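What follows is a set of structures to go through.
Two complexes come next, and they have one chain in common, chain A, joined by chain B in the first and chain C in the second.
Entry: the complex of A and B
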C-alpha cells in the first residue's frame, strides 16, 4: 500500500496529475470510501485493502470533465469497465493515468455478518500484502475467524483473471481467487420449470426498494438522464410496488446494458437487499456467447460489439421460438 | 411482568394473528424485513436490524390516496379507506420506536396526515430490547436506551424465554388478549439483561459520538461550510440511506393513469434524487452536493429548529451498514468535528 501512496505523491508533486482517485480509510475496519486526494498531505488517509471493492471506473466519468489528469487505481476487473467506457466515449483516456493494482479478492462485509460475526472492532488479514487465508476478527463478543474465501464477493469466486486490460503502470501482485464457474448459476435457473423460475425471481425482486443503487453504481448505466428519472412517467422510479412494473425496471435495465455489461458485479455488491442482480446480466452474456460467439465487453476498446454490429452469421429473430 | 417460553412464540403469533394483522421481522430470500406473519413465514426475531426500518407499517413506501373515475359527464372521487382494523407490530427496536416519534411530530402536527394518524391509532407496538447491539449502532447519542424500549409492550429475549411488560393502555389490552400464554415473572432477569446491554453499548465505537455544534441555530454556519464540497463526492445519488432510514419522511404525490381512471398515490421520496421537490420552474437543488447537504442539514439542523431541539436521526445505523459508497451521518458528524479541531 505504501508503494501506491509513494507513487501517488510523486505524481502529484511533479504535476503529472492534478488529483488521485482511490480509497480513503473509513471509521470502521470495513468501510473505506472512494475518495479524491489533491495533495500529498491528504494521502495519509489513503487505503487499499480487501474492502476496497468499489469500481472507480464509474467515478472517472465525472473526473474526465475536470481540469488536468486524474491518477486512478484500478483492479483487474475494473479495467474492463474503463475500456468499455472509452468505447462509449464516456471517459477520456487522456485525462486518466491508470495504475493497475493487484487484487487478492474483495471482501463482502455482509458475508462476514452472515456468519454471525458482529460487534466488529478490528479485522486482521484484509491487507493487500497479507497472505493470510483467514480473517481474524476482533469483536466485542470475542475473537472470531473466518476463511478469506468465505468472505469474498460473489464476483471474485468467478474472477475474470489477474490481467489488467488497460493501464499505464502496474503495482502489486494479484492472486487467483476463481473457484467457481461464471455461468453455473444461470444454467441452474435455465433448467428450472417456468413457474419455478418465475417464483425465484418474484421472491428476489419483491425485496427491491427502488433505491436505484444498482443503476447508479453501474458503469454501463452512464446516461446523463435515465429514462426512469423522467417526470413524464405516470409511474415513479422511486415507487415501490410489488408489481409487474417494478420487475420491468430490472429487466429493462438488463436489456439496456446487454452487450455492454462487463460483469463487474457492482450491482449485486451494492444492493441493500442482497438481490443477485448480476444473474440477469450474466444470462444475457451467456446468450450472446452462444448466439454470436464468445464476447467479453471491455476486453479492448476497438472491437465491434455483437449487438451493434450486423453480420450474415447473426442469429435470426426466429431463434426465440426455437430456444423457447 | 410476564414471560413466555421462546418455543411457544408461534402459538403467541397465531393467537395475535387470529384477531388482527401481525407484522414482524421475516426472512425472505436471505434478507430480514418486516412483513405480515403467516404459518410459513420464517420469523427472525434474533436479527438486530431489518434491512428496511419498520416505518412501512405506519407510513408505507407506496400507498393509494384516491381514485378519480369518469361517470358520464361527472367525475367520481373515491378516497382510499383509512386503516380501521387494529394491528400489531412485533419486534421493533428502541431506535425504530423513537423513529416514530420523529414521524409523529411531522404527520400528527396540523394539518394532520389522516392516513398516518389512522395507522398510529390502530397499531400496537411490541418492542424488543437489543440483546447484542453492534458497532454500527449509536442510538444512545440520541437519548435512546437499547435496553429499555419505550413502546406499548416492552420485551426482552433472555435465554429460553421472552419477557413481556405492558407499558400503555394499548399494551395492557394486547396483554389481556394473550394472557393465557403468558406466565408471571419477576424482574430480576430483565434487570440483569438491561445492565448487560448497557455495558455493551458503552463499549461500542459510535455510542459516545458528540453532536456538539449541531442544533437548530447552526443553520448558516453549517450550510455555508466548504466541507460539504468534499464530503458529497463519493455519493452515488442512490436512495439507499433514505429508504432504509426510520425517520426519513419525505414523499412525492403522483397520478397514475389506469386507462379509465386516475389513481393518485404517494410514495417515499429521496432528497438524493434529481427530481426531489421538482416544481414547475425546475429544481431548487441542482447539484448532488446540495442534495447531499440537504439530508444531513434536515436531520441535524432544520428538524431540531422546528421541533424543540429534537434530532431526526435515531442512531439505528442502517445507513452505516448499507451505503454503497460507505458514507453516512456518523462520518459527516466526525468530519465537521475534526475540522473544528484543526481550525
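Entry: the complex of A and C
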C-alpha cells in the first residue's frame, strides 16, 4: 500500500496527474470508499486492502471531463470495465494514467458475518501485502478467525484472471483465487421448471428496495439519463403499477447491459439486500457464449460485440424456439 | 387531441363472415380520440374511399384507422385517399383484421374480440401520430445482375436493350450457367449450347453490358435507386487484355488432376483452364489449389508457352466498387447432396449417376465424348433405370418438400434420346406421378411412352444394390400391379432434387432480401409481384425464386428486367419519411447504433449541448435521413432510448402494446 501512496505522491508532485482516484478509509475497518486525492496531504487517508472491492472505472467518466490527467488504480477485473467504457466512448484514455494494482481476492463482510463473527473492531490479514490465508478478527466478544477464501466475494471464486487488460504501469502481485465455475449457478437455475424459476426470482427480487445502488455502481449503466428516470418513457410508471415491480427494473436493466456487462460483480457486491443480481447478467453472457462463441466484454477496446454485430455464422433466430 | 375516424371493412365475406364488423365499429367509438366509426362492404372501392373523404370533411378528422387487409395490400390506397381529402397520408394506420384475424380464425366471438384489440392498438398509435413529409432520392441508372446463367443473361440483355447500363457478376470463370451443361432441351430437343451461346455472345458484345466473371459480390450497402456494391474480382492469374484464348497453356499444363466442375467431376481438367469450349470470356483461369507453380514454386510452363505473355502469377484479387439503382438476383440452382440417400448406392457405384451427370455423359464435349457408357468399365449399357423424385416431394428432412418441377420432363427427354440413339437399350422409369403441365409437355412425355417404348412404372425404388458381376440390382415396387420388382440394371440415373445455389443465403443477407425455409428468395407477393423481392430495388430472376424450366426462366428474366427498367426510368424516388433521429439530451455517444446500422446512416459529431444548464461538448449520434431506411435497428439497440423512429416511435409502439394488453 505504501508503494502506491509513494507513487501517487510522486506523480502529483511532478504534475503528471492532477488528481488520484483511489480508496480512502471509511468509518469502519471494512468499508473503504472511492475517493479523489488532490494533494500529498490528503493521501494519508488512502487505503488499499481486501475490502477495496469498488471498481473505479465508472468514476473515470466524470474524471475524463476534468482538467488534467487522473491517476486511477484498477484491479485486474476493473480493467475490463475500463476497456468497455473506452469502446463506448465514455471515458478518455488520454485523461487516465492507469496503475494496475495486484489483487489477492476481495472480501465480503457479509460472508464474515455469516460465520457468526459480529461486533467487529479490527481485521488483520486483509492487507494486500499479507500472505496470510486466515483473517484475524478482533471483536467485542474477543478474537475470532476465518479463512481468507471463505470470506471472499462470489466474483473472486470465479475470477477472470490476474492479467490487467489495460494499464500504464503495474504495482503488486495478484493471486490466483478461482476455485469455482462461473456458469454453474446459472446452469442450476436453467434446469429449474418454469414455475420454480419464477418463484426463485420472485423471492430474490422481492427483497429489492429500489435504492438504485446496483444501477449507480454499474459501469455499463452509464446512460446520461436512465429510462427509469426519464419522463420520455413510461417505464418507471409501468414498473410502479406491477404487482412485483422490481422484475421490470431488474430485467430491463439486464437487457440494457446485455453484451456490454463485463461481469465485474459490483451490482451484487453493493446490493444492501443481498440479491444475486449478477445471475441475470451472467445468464446473458452464457447465452452469448453459447450462441455466438465465447466473448468477454472489455477484453479489448476494438472487437465487435456479438449482439451489435452481424456475421454469416450467427445463430438463426429460430434457435430461440429450440432452446426455449 | 386527435379526432379519429375508424373504418371497418367487410372485404365481402372475407372479414365479415368471421368478424362481427359492426361490433368492431361500435367498440371503436369507445376508444379515446375516436369521433367517427362505420363499417362498409368494400372500403377499398371508390364508394368506400369516398366515405373516408366525406368523414374527413364532415367530422374534421385528424387521423384515420382502417380495419381491413394487410397494409401491404391497401395502405397506399387509403393513404392516397386521405391525402386527396387534405389529410397528411401518414395520419392513416391500418389494423389488419383479415390476414391477422379473419383468415386464421374460425370462431366469430374470438375473432371479433381480436379484431377489436387490433383496432384499439391502431387507434392508440394514431393518437400519437404526427404528419410526416417524404423526401426525394436519386436513381443510379445502372443495374447489377448477380449470376450469369440464362436468367441473368436474359435479364441483362433486356435491360441493356432498353438503354441502361448493366453489369453481370458471375462466380465461375464463364457465363452460361447450368444451361451450358445441358445437352438437349425439352420439349423441342434442340441443342442447349446452340441456343444459349448466341445469347452469351450477344451479352458479351453488347455495349451496355459489362461482365465480371470469376467475381463475387462482397458487400452491398445503400438502398433502392442508390446501392453501392463491392465486387471481388478474384485473381485469374491471366491478363484478360493480353490473352488471345489460343488454349496452348491448357494443353501444356502438366497438372491435369483437378476434377472438372463443368463435367460434374466425372473427368479431370488442367490447373489452368477454361470450363468449356464456348466459354465467355475465352480466357482461362489458374486454379491456384491445383497449380504446381503455386503449390511448389516450380513449373511455370504456361507462362513459358504463352506467346501473348498473359500469364501473371502475381495477380491479386481486386475490389471494384460500383453504384447501382437496381439489383437482380439470378443465382440459380445446384442438385442436392445425396449423402442421405445411400440406398441408391450413389457413393458406392460409378454407374449410379445424377441426371445432370447424364447430361454431361450424353454431350459430345463430355467425359465420354457423347457415348452412352458405364463410367465404371466403359461398357455400353443394356438396361437403364431412371428413378424420379430423388429428394423431391420428400416428407422427412433428408430431402426437399417441394417438387423440383423439371425432372419429369428431362427424364422423358433422356429416355427418349437413349431409345432413339440406342434402340437396343431398355429404359425403365420409376415415378410417383408424371407431371407435365406446359406447352407441348404432355405430348412429349406420351411420345416417350408410346413412340419410343419407355417402360414407366408407378412406384418408388427402395434400394439399389451393386452386384459382384458389376450390375446393379434395383429393388422397387409397381403400385399399379401391386407387386415387388427386382431388376438388374447396367446404369441407374437419379432425378436428383434441385435446390437454390447455397451462396444465395449470403447474398440474401447482404441484400436484406428474405428467403424461405428452402432458401428460395421470397417474392413481394406470391401472385401479384412474383419477380420483386419485398426489399425495394431487388428483383428475382430464375430458379433462385423457385424451381422452373428454361422457358419459364426466360419469361421471368424478362419480367424482372421490366420491373428493373421501370425503376431505372425514374429520375427521382420518394423516400420514406419514417427515419430515425437521436435525442441529443439522451444520447450517450456510445456507437451502439452506428454498429447495428445496416445502411451506414449514422455518424458522430462533437457538439456543445445545454443540458438543463450544464453546457458541455458531447459526442452525439447524427442520422443522415437520406441514407436511413427506417429499419429501426438503432432504436432497439440504443441503451438509453435516445434513438427514435418517426412514424414508429418507441412511445407509439408501447402505446400499441399497452392497448393490446389492456
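Simple rule for what comes next: the second predicted complex is superposed on the first by the 310 of 324 C-alpha atoms of A that agree within 3 Å, B and C clash if a C-alpha of one lies under 4 Å from a C-alpha of the other, contacts with A are read in each partner's own complex, and residues count from 1 in each chain.
Just so we're on the same page, a residue touches a chain if its C-beta (ideal position, glycine included) is under 8 Å from a C-beta of that chain, and two chains touch if they have at least 3 such contacts.
From a predicted model like this one, the values you see are computed outputs, not experimental measurements.
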item	value
Fit or clash - chain C, chain B, common chain A	fit
First, second, both or neither for A:31, with chain B first and chain C second	first
Touched partner set for A:316, first chain B, second chain C, both or neither	neither
Greater residue coverage of chain A in the superposed arrangement, chain B or chain C	B
Partner chain in contact with A:94 - chain B first, chain C second, else both or neither	neither
Partner chain(s) touched by A:54 [first = chain B, second = chain C, both, neither]	first
Which superposed partner A:305 touches (first chain B, second chain C, both, neither)	second
Geometry of the superposed three-chain model: angle at chain A (Cα centres of chain B and chain C, steps of 10 degrees)	120
Minimum distance between Cα atoms of chain B and chain C in the superposition (Å)	6
Where chain A meets both chain C and chain B, residue numbers	225, 234
Complex contact set, residues of chain B against chain A	28-31, 33, 48, 51-52, 61-62, 132-136, 200, 203-205, 233-234, 236-240, 243-244, 252, 254-257, 265, 267-270, 273-275, 278, 320-322, 324-327, 330-331, 334
Residue ranges of chain A in contact with chain B within the complex	26-28, 31-36, 54, 59, 109, 118-121, 140-141, 203-204, 206-207, 209-213, 215-217, 225, 229, 231, 234-241, 269-270, 272-275
Touching residues on chain C, where the partner in the complex is chain A	505-506, 509, 583, 585-592, 595-596, 604, 611, 616, 619, 637, 639-641, 650-651, 654, 658
Residue numbers on chain A that touch chain C, as the complex places them	65, 87-90, 222-227, 230, 232-234, 256-257, 260, 304-305, 308-310, 312
